[in-house]
Structures are given as structure tokens and as C-alpha cells.
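Just so it is clear, A, B, C and D label the chains in written order, and each chain counts residues from 1 on its own.
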Amino acid sequence: MKFKVTSELEYNVRYPSTFIFNIHALRTKNQTVLEETLSLDPFFRTEELNSAVSENRFLRLDVDKPTNLRIVYTATVDSYFQILDMNELNALPVVQLEGHILPYLFPSRYCQSDKLFRLAQDKFGRIENVYGKVLAINEWIYNNVEYLSGSTNSQTSAFDTVTERAGVCRDFAHLGITLCRALSIPARYFTGYSYQLNPQDFHACFEAYIGGQWIIFDATKLSPLNGLVKIATARDAADASVASIFGNVISTYVKVSCELLEQNFVPLFYNPGEMKGISY
Amino acid sequence: MKFKVTSELEYNVRYPSTFIFNIHALRTKNQTVLEETLSLDPFFRTEELNSAVSENRFLRLDVDKPTNLRIVYTATVDSYFQILDMNELNALPVVQLEGHILPYLFPSRYCQSDKLFRLAQDKFGRIENVYGKVLAINEWIYNNVEYLSGSTNSQTSAFDTVTERAGVCRDFAHLGITLCRALSIPARYFTGYSYQLNPQDFHACFEAYIGGQWIIFDATKLSPLNGLVKIATARDAADASVASIFGNVISTYVKVSCELLEQNFVPLFYNPGEMKGISY
Amino acid sequence: MKFKVTSELEYNVRYPSTFIFNIHALRTKNQTVLEETLSLDPFFRTEELNSAVSENRFLRLDVDKPTNLRIVYTATVDSYFQILDMNELNALPVVQLEGHILPYLFPSRYCQSDKLFRLAQDKFGRIENVYGKVLAINEWIYNNVEYLSGSTNSQTSAFDTVTERAGVCRDFAHLGITLCRALSIPARYFTGYSYQLNPQDFHACFEAYIGGQWIIFDATKLSPLNGLVKIATARDAADASVASIFGNVISTYVKVSCELLEQNFVPLFYNPGEMKGISY
Amino acid sequence: MKFKVTSELEYNVRYPSTFIFNIHALRTKNQTVLEETLSLDPFFRTEELNSAVSENRFLRLDVDKPTNLRIVYTATVDSYFQILDMNELNALPVVQLEGHILPYLFPSRYCQSDKLFRLAQDKFGRIENVYGKVLAINEWIYNNVEYLSGSTNSQTSAFDTVTERAGVCRDFAHLGITLCRALSIPARYFTGYSYQLNPQDFHACFEAYIGGQWIIFDATKLSPLNGLVKIATARDAADASVASIFGNVISTYVKVSCELLEQNFVPLFYNPGEMKGISY
């Protein structure tokens, strides 16, 4: 499915600063970047680099003097996903997980799964099927946490959200990840562009590792699960924030869009009885 | 320098459980494991695996029935370290860091560097030399945090320790890491065996990335810096705990030792004026 | 109903220290202290004083030199309670509450009701009857929080317990208070001696203010509601801890008992359908 | 010294709601309210009431239907303060404190003094004179916490501020109170109108109890210590917030002013060497 994604970001750089952006569409075997452009005004040299610990295309940029910076990224992306029959995918016990999956079991900055162990066991521990467990987690977050712009900030973690019951997509994703890990289900943060998200913005979801596949879940239910263009996956937003800034900078403008370049888009969401999972 | 290290661990396994241990001496170009033995009573099949996100040798073990488990690991290790002249090592600005180093700049479970930014800047931001900065952090922790067994637990993070001012080696290390990252200095957790640590136990220190080298620091000052045998390095203890347990298990016994197999050991510590750094 | 209560406390006083104890049986119109004795070994002068903000009999004691201190308090108490028909007691809206009740609506050290507002509304907001609301809170805590000795400490607050789902009587009481206040129901901490509590210890419950009466609830269900001897009520344990210590002291021994001096004790607990409330 | 104080508050009341305001100038032996007016548009019946646990004049108001509410309070106040020679005021040890002072020693919602014990001891424990201790606390907060509008919210407590090092007057006051209590010095929250505060707003300070007198401190140094009109004192902002709202309301406008009705105002601040204390 072909999408055109765009992000426009403006910053007032007050002192020399280094940026690490996560805005590029990822290149994976299921996601082809057909073309992309990046423009900076004023121009600064950029560098793309990868992290060993997450899937992403960091864009690093050193702004060596005060300025107003404008960045525009556009890409045409062919994104492919599979619909899997979750009846056939059993949970892998910890003893069978590949080594590179283990970190997604451990707690991380915004996902203190060590603190939610009892709560997760009590609420979801008795559900037998692992897909059913994650779907129940997703529904529980959707039903119990209020989507409320401005209610949280970059320091808010799942430990806050599980009690305060309000947040944005990032907080919903962190809570989903945390509850999965507390049940020994590997889970990770997914950030990307999202078709039909209203209003348009960067979006965050989470993926659970079931039967050897990363299955996507969106506890906000704000975006069709088949309308995503992946920017990054990571343990949590600490490793995949839109912009990590080392210096003194004020964000002044953000605009994001995701358009479909095809017709016949049928939005997909999970239906509790159906046992279908979407994997990018 | 040759050491013999031993760890004896006993557990009461109440339900089938999976363990992931970090007790093996790491094999690196500077650390050679000359021989090692692992014994389990009763016997269970074990598997060694690596994580992509940290340096370690995870030992995974599935105990499929209730039992009392005893594990004994011994190794003879030749550990080599360098003493570097820190006058010659300048800090690398974020823009020059290799991609695989970036994760050590970001906050993690026990190291909420995003929350300590102002405090770190105020206390240490004006020190010019980056080694001097980290040494000042190390001294500050040593002088301001009380080493107090039992004062903290596996949920304690740097955000707690910076205020409550008490903890064990793990907490000292987490606080050191957090303050470094808040100053844009990559830092990581180091866990290992430690010669002349009294009483003997697993030890935790931290490493800061200065001039392309990981330099070791121990804010507890309980262990000579040249008496360490590395088990793992990681972003924090979430990725390198002695035992991650998935199941229902009670720890009943821990005994750790580290003996020197050579003579002429001269314990090394940093002296404020000296500008020397030890790198494993 | 007549009880004999006893508490024996021993401390190793390392430096001159001041104690403020809450161990005396309270004197109220419904609770008569028939006789009581207090012995200290070695002897120190004590002083009894009251706080304006809570019901208690603080015992203050200045130990001006290092010593091993032993305190024994015994009392014979006639404790009277009412069983009220909760059908007849309606909630008082905030606008009708007496001024001295308002503080029991506001958050306090261990009861951060401001943070649990959404959670309380979602879970209990739709229950019409206020007694029904508090009973549902009590049941929810009983069913969702595990009683686990040693799982918490003197810094643990309701914000922790609501997520970590484990604690002791004090934590159960704090969570009950917090959820009530988040629903605009005044609530306070109750600490006392408890008949048939097993093992014997100081006990903590909570009271909700319904229809002008303080009704007692015990989310641990460990103690019959008609077997309590009140020591203090307060906004939370910050104002009614067994011992507030200003100095350097180690607690070495605690023994508490509560014996019935009558016959024919029929333990009372609430039954969901019954609409009965006990008020001391 | 005569002041004219005014506060104008506007709210969009979306559902029937009850307000408890703290905006009235307090009547004390040192503060005379010469005249005051309160106007509500539309009109609702109001009630003034007092709390047993704090000095304040709660204004309670029930708005029984959706509306836009405007409240204007004005008062002419004669405020008197003493300048005390702090050389003559010694700290009272805990054993000599009156019973009604004890609650100001205990931790409260925003002042978790139990968690800052070690930090307070380390930083200020060695200062002999108690006034010197509090002045050092005040200076330390002033020098180490950045005044930053919008950096905190109504849930921010001293435990956050001591690490995050940013906040507004309320946070500065809470941290001052907390550090005092951690050193066994009773301390409380003071909120009022403030002459020469720029921009004009409700202000918060703290008072420490030294030698039987409540001495005022302002760690923001934004307001002359002799230009205050007291609204309330309390254990912390939980008991003295400008408006506690039970219902569904959006604040839409706040304007506060404090004018001097005399001439010859000489702003007073403490000077480190002077040993003077101001008591209202």
C-alpha cells in the first residue's frame, strides 16, 4: 500500500545544538521507501545512522550557531503487512525466545513492568491465549485511559498512566508494552506516520511478540491498523523520540501528514472474536 | 591479571520457572576465560545466549518442576586493563559518537537522566574537562550518598537515590550513569566480580565514554579499580541483573568470591589530581 | 464491650532522642479507659499531649542519653459502637460538610487523592448510594491488593499501592481513604488495637464520613469490626504513626495484644447486601 | 501597613459544582481587615468557614447549574509584622513544642520530609543556629531551583522539585517546608497577596517555627518580606489552594493585585549576616 508522508518541523535554536531525529520512514523487507527528500533551511550537513538496540534511521544534525531551523521530510513509501491467523501462533515461553528478543521483556525508562507484575497477573493472567491476553490489555487501556491532549509530558511513564488514567498515544503504547512485559510477553514501541489519524501527527502504537511475529496493537483505536508507515521500533520512546536534542532549542512548529496514493482503502481494526493479527 | 571467581546460588523453585543469569565472566579481547565450570544440582539443560543491546553472556535455564536448585559457577580469568592518560582524551561531542553509542545517552529504567538535567548542569556543567566532570560526579556520589545495605530494592532508581541519599553499589552506579547522561556523556552499567571487595558479593560500577574509550568509575570506592572481572555491561541493571526470573522462586543463598592467582597486587584508585583512567 | 490491651516496645536509643508515641487508648464519649498503666525502664518523664488536627493522645518522651528503653502500656477499655442503618444515611454534599470535616477531603502525605480522581470515578462513580460506594471500594481493595508482610515501608503511599497491589493494613487503609476522597467522600485513618487479629499487632482501618457519621471499614478483613479499641484517627499515618522518632533509635521488639474481658463475642463483618455500618 | 488587595476569578462551570476558595484576607491579631467586598456574577449564596487544621477563611460556594461565574474580592487590610532579633530566639527542641505545633513536623501531601532526611542532614545539619539553618535552606533553594512558570502543576511535590530543580513559588515553599521538617524544625505554608510581586499573582512563602515564633521566608526572593497580606497558613497547599473544586469547571481568568495605601515603603529582605526575622 503506497503512502506519501510528510513532516515539517521548525525550531528556534538558541545555542549550538545537536539533534537526533526519528522522522525517516524505515527501510525493511516489508517497507520500501520509493523516494524521499529532506530539506533544511538553512542548510546543515546531516548524517544517517543506526542503533544496535532498535530499528531506526537516526538523522543526526549539528547546528553550530543560533538560527531558526526548518526541516521538511517527504517520502513515498510502499508498506506491506501480513494478516496472520492468531489461532496458529502460540506464545513462545521465555526459554524459547531468541537472545535479541530478551531485552523486550525487561523494564525500560517508561515501561516499569517490574512494578506492574501483580496488577497484570490479576487482570490478564488467567486468559489462556496469548493473543487474547494482549487484545484484552488493549481493550482495557482503551476503556480505562482517557485520551487527553496535554495531560502528560515527556517524563510521563506507564507507572503514572496506570493510575492517572489519561494520556496521549505515546502513553497508551507505554502502558500496553508494560502490561505485556509484566506477563512475560515481549513488547516494543512502534512509532510512525498514520493514515486517517485525525488530527494528523506522529503516532505511537505497540507490538507484542507472539509466535515469532511482532503483532501490532493500538490502544487508542485512533488509527486503522493497516494505515501505518513505520519510522522506528524500540524498547520505548526513550530510544525513538521524534527529536532528541542536545543543546538549547525551542520547538516552534510541527506539521505531519500521511496521504494514501492508492484507492480502495478499507480500514482494519481488530474485532474481539476474530483472532487476526497484523504484522508489519 | 589472573583471578579465580566463584558464585554459588541456591533457589527454592516453587513452580516451573525460567531463569536468565548474568554470572559468567565475559569473553572480550581484554578478558580471557582460561577455564570455567558450571554445575547444577539437580541437573537442567542450560543455554548461553547474547543480547544485541548489551555485552553479556546470558545463561538461560528452564526448571520445569518444583525443586531446590543449586548452581555453582567457577572460572579462572585473565583480565587485562589499560591505564590511559586522560589529558589526551577529549570528550566526543554527540555529533561524533558512533551510532551504537547513542543508546547510552538516552534515559533507561533506573537512570532517568531526563529528570536530572538541571541538577547535573548546575553541579557539574561548568567543569571543562570531561574526565574531570565524571570524576567530580563520582566524588559527589561518594560524599553524598550513604552506603547502606538493605536500604533499597530492585525497584529503586537514580531518581530515588539522588534524593534519599542511601543505597548499595547498584544504586551508586545508576546515579553515576544518570548524571553523566544528563551532561551528554554516554555512560553504562558494569557488573562483575571484584577482588578485595569486603564483604564479597557481585559488584556494580559504571563506565563513561570519554575520547572513544569506556573508562571505569566506582562511586562506592569499595573495590580497587584494577581488581574487576567483567560479567556484563548494559544500559542499566534492567539488562544485566544477576538473575531475571520468570516464575515463582525464592532465593535462599548467595555466595560470591574473587581470588587473585598472582602476587604483587597494588590496588588502584583514582586520585583527583592525576588524570588517569582505567579501561577494561 | 471490655478489652484489655497491651503493648510492649523496646528500643536501642543510640543518641539522645525524642519519641512521640500513639499507643494510648483514646478517651472519647464512646470509649472509656477504665484503667491504664505505663511503665518505662529506665524511667523517663513523659508528657501526654493532643493535636488540633487529629484525635489522639500523643505520648512524648525525651531520652537524653543512650540506653535500651522498654515501654509497657496496658489498659482496660470499654469500647462502645453503634450499628447504623445505612439506608437512612445519605451522603452529605461538600456544600453541607462542617468546616472541621473539610481537611478529610483534601489529599495528604500517603493519600494522593488528586492523582486517583479518574480511576475512582471510573470504577466507583456510577454507584449511587454512598455507603455502597465505600463498600465497593473496600471489596475492590480486598480483592485486588495482596496482604504481604514486608512488601512495603514507611514511605509507601496509596499511589504506589494502587499499582503494585501489595501491602499491609496501613497501605490498605491509605488506599481506601484515597479512593473515598477522590469521590468527594471525607475519609480518615483509624489505628487501634484489634481483637482476634492474627497475628496480633497494631491495626489500621479507615473511616468514611457518611450522613454525619464516621463509619469504619477494614479492607484487609482481618479483624472483626466490633473488636477495635481506638488509639487515634487522623488524615493518614503521618499524623498517627505508632512512634515518631526524632533522633537515632533502633526498634528491637514489639508485642501487642488485645484480649476480651467479656463473653459472647460475635464477630461482625459487613455483608454486601445488608446496609449496616459500624460507628465508634 | 495598609494595602488594597483584589482578586478577580472567572470560571466556566460545566456541571453543578462546589468551590472552596482561599482568597479572603485572614483576620488575625496582627492583620485587620478594614473593609472587604465580594461580588458574584451571577449571584450564588456563599458561606465562610474555618478549618481546625489551618488558619484560613474558606469561602464555600455551590453553583447548582452550568454558567460562567465571575468572582471579585477586594479588601483593605492593615497588616502588621514584627522584626525579631533572631540571636535571642533559640530553636525549641521537639520535647518543648506545643501539641498544636507537632503536625507541622510531620510529612504532608507535597512535603515528604521523611524522604529528604539524609539530604537535609548532610547539607544543613551542621549549622548550629536554627535561624541560620533555615536561612541556608532558603538560599540553597534560591540558588539551586529555577523559577520557571509552567514547569510544574498541582501534583508537583517537594520530592520532584528537589531533583528537577524548577518550579514556581508554591514549589519553592514546599521544598523549604520539607527541608525544615526533615531537620525537626516545624514549618508551614503561607499564601497571600504580595506587594511588588511582578507579575502580580497569588504568592506562596513558608514559615519556620523558631523560638516560639513563626518566621517568614521566601525562597523565590520575588517579594519584599514586609509586603505580604496573609490569606492562609497550612501544612501545605493541599489545605490552602486558591480554589478546591468539586465538580467540572474550567478556570478562564485570574487577575490579582496588591496596592500600597501608604507611602514610604522600604522593601525588606533578609541579609545573610543580619539575624533578623519577620513574623506576621
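Quick note on the criterion: contacts are C-beta pairs under 8 Å (C-beta built on N, C-alpha and C of every residue); 3 or more make two chains touch, one makes a residue touch a chain.
Keep in mind it's a predicted model, so treat the numbers as computed, not measured.
S.K.: Note the shortest touch-path length, in steps, from chain B to chain C.
M.R.: Shortest path length, in steps: 2.
S.K.: Between C-D and B-D, which chain pair shares more contacting C-beta pairs?
M.R.: C-D
S.K.: Provide the C-alpha centroid distance between chain B and chain D, rounded to the nearest whole angstrom.
M.R.: Each chain's C-alpha centroid was found; their separation is 45 Å.
S.K.: Between chain C and chain D, tell me the centre distance in angstrom, where each centre is the average of that chain's C-alpha atoms.
M.R.: So the centroids are 30 Å from each other.
S.K.: By residue number and range, which residues of chain B touch two or more other chains?
M.R.: Chain B, residues with two or more chain partners: 115.
S.K.: Tell me, which pairs of chains are in touch?
M.R.: A-B, A-C, B-D, C-D
S.K.: For a test of understanding, state which residues of chain D touch chain C in their complex under the given definition.
M.R.: Touching chain C from chain D are residues 18, 20, 47, 49-54, 58, 60, 62, 93-95, 98-100, 102-103, 105-109, 111-112, 114-115, 154-155, 184, 238-239, 244, 246.
S.K.: Would you tell me which residues of chain C are touching chain A in their complex?
M.R.: Contacts found on chain C: 115-116, 118-119, 122, 144, 146, 159, 162-166.
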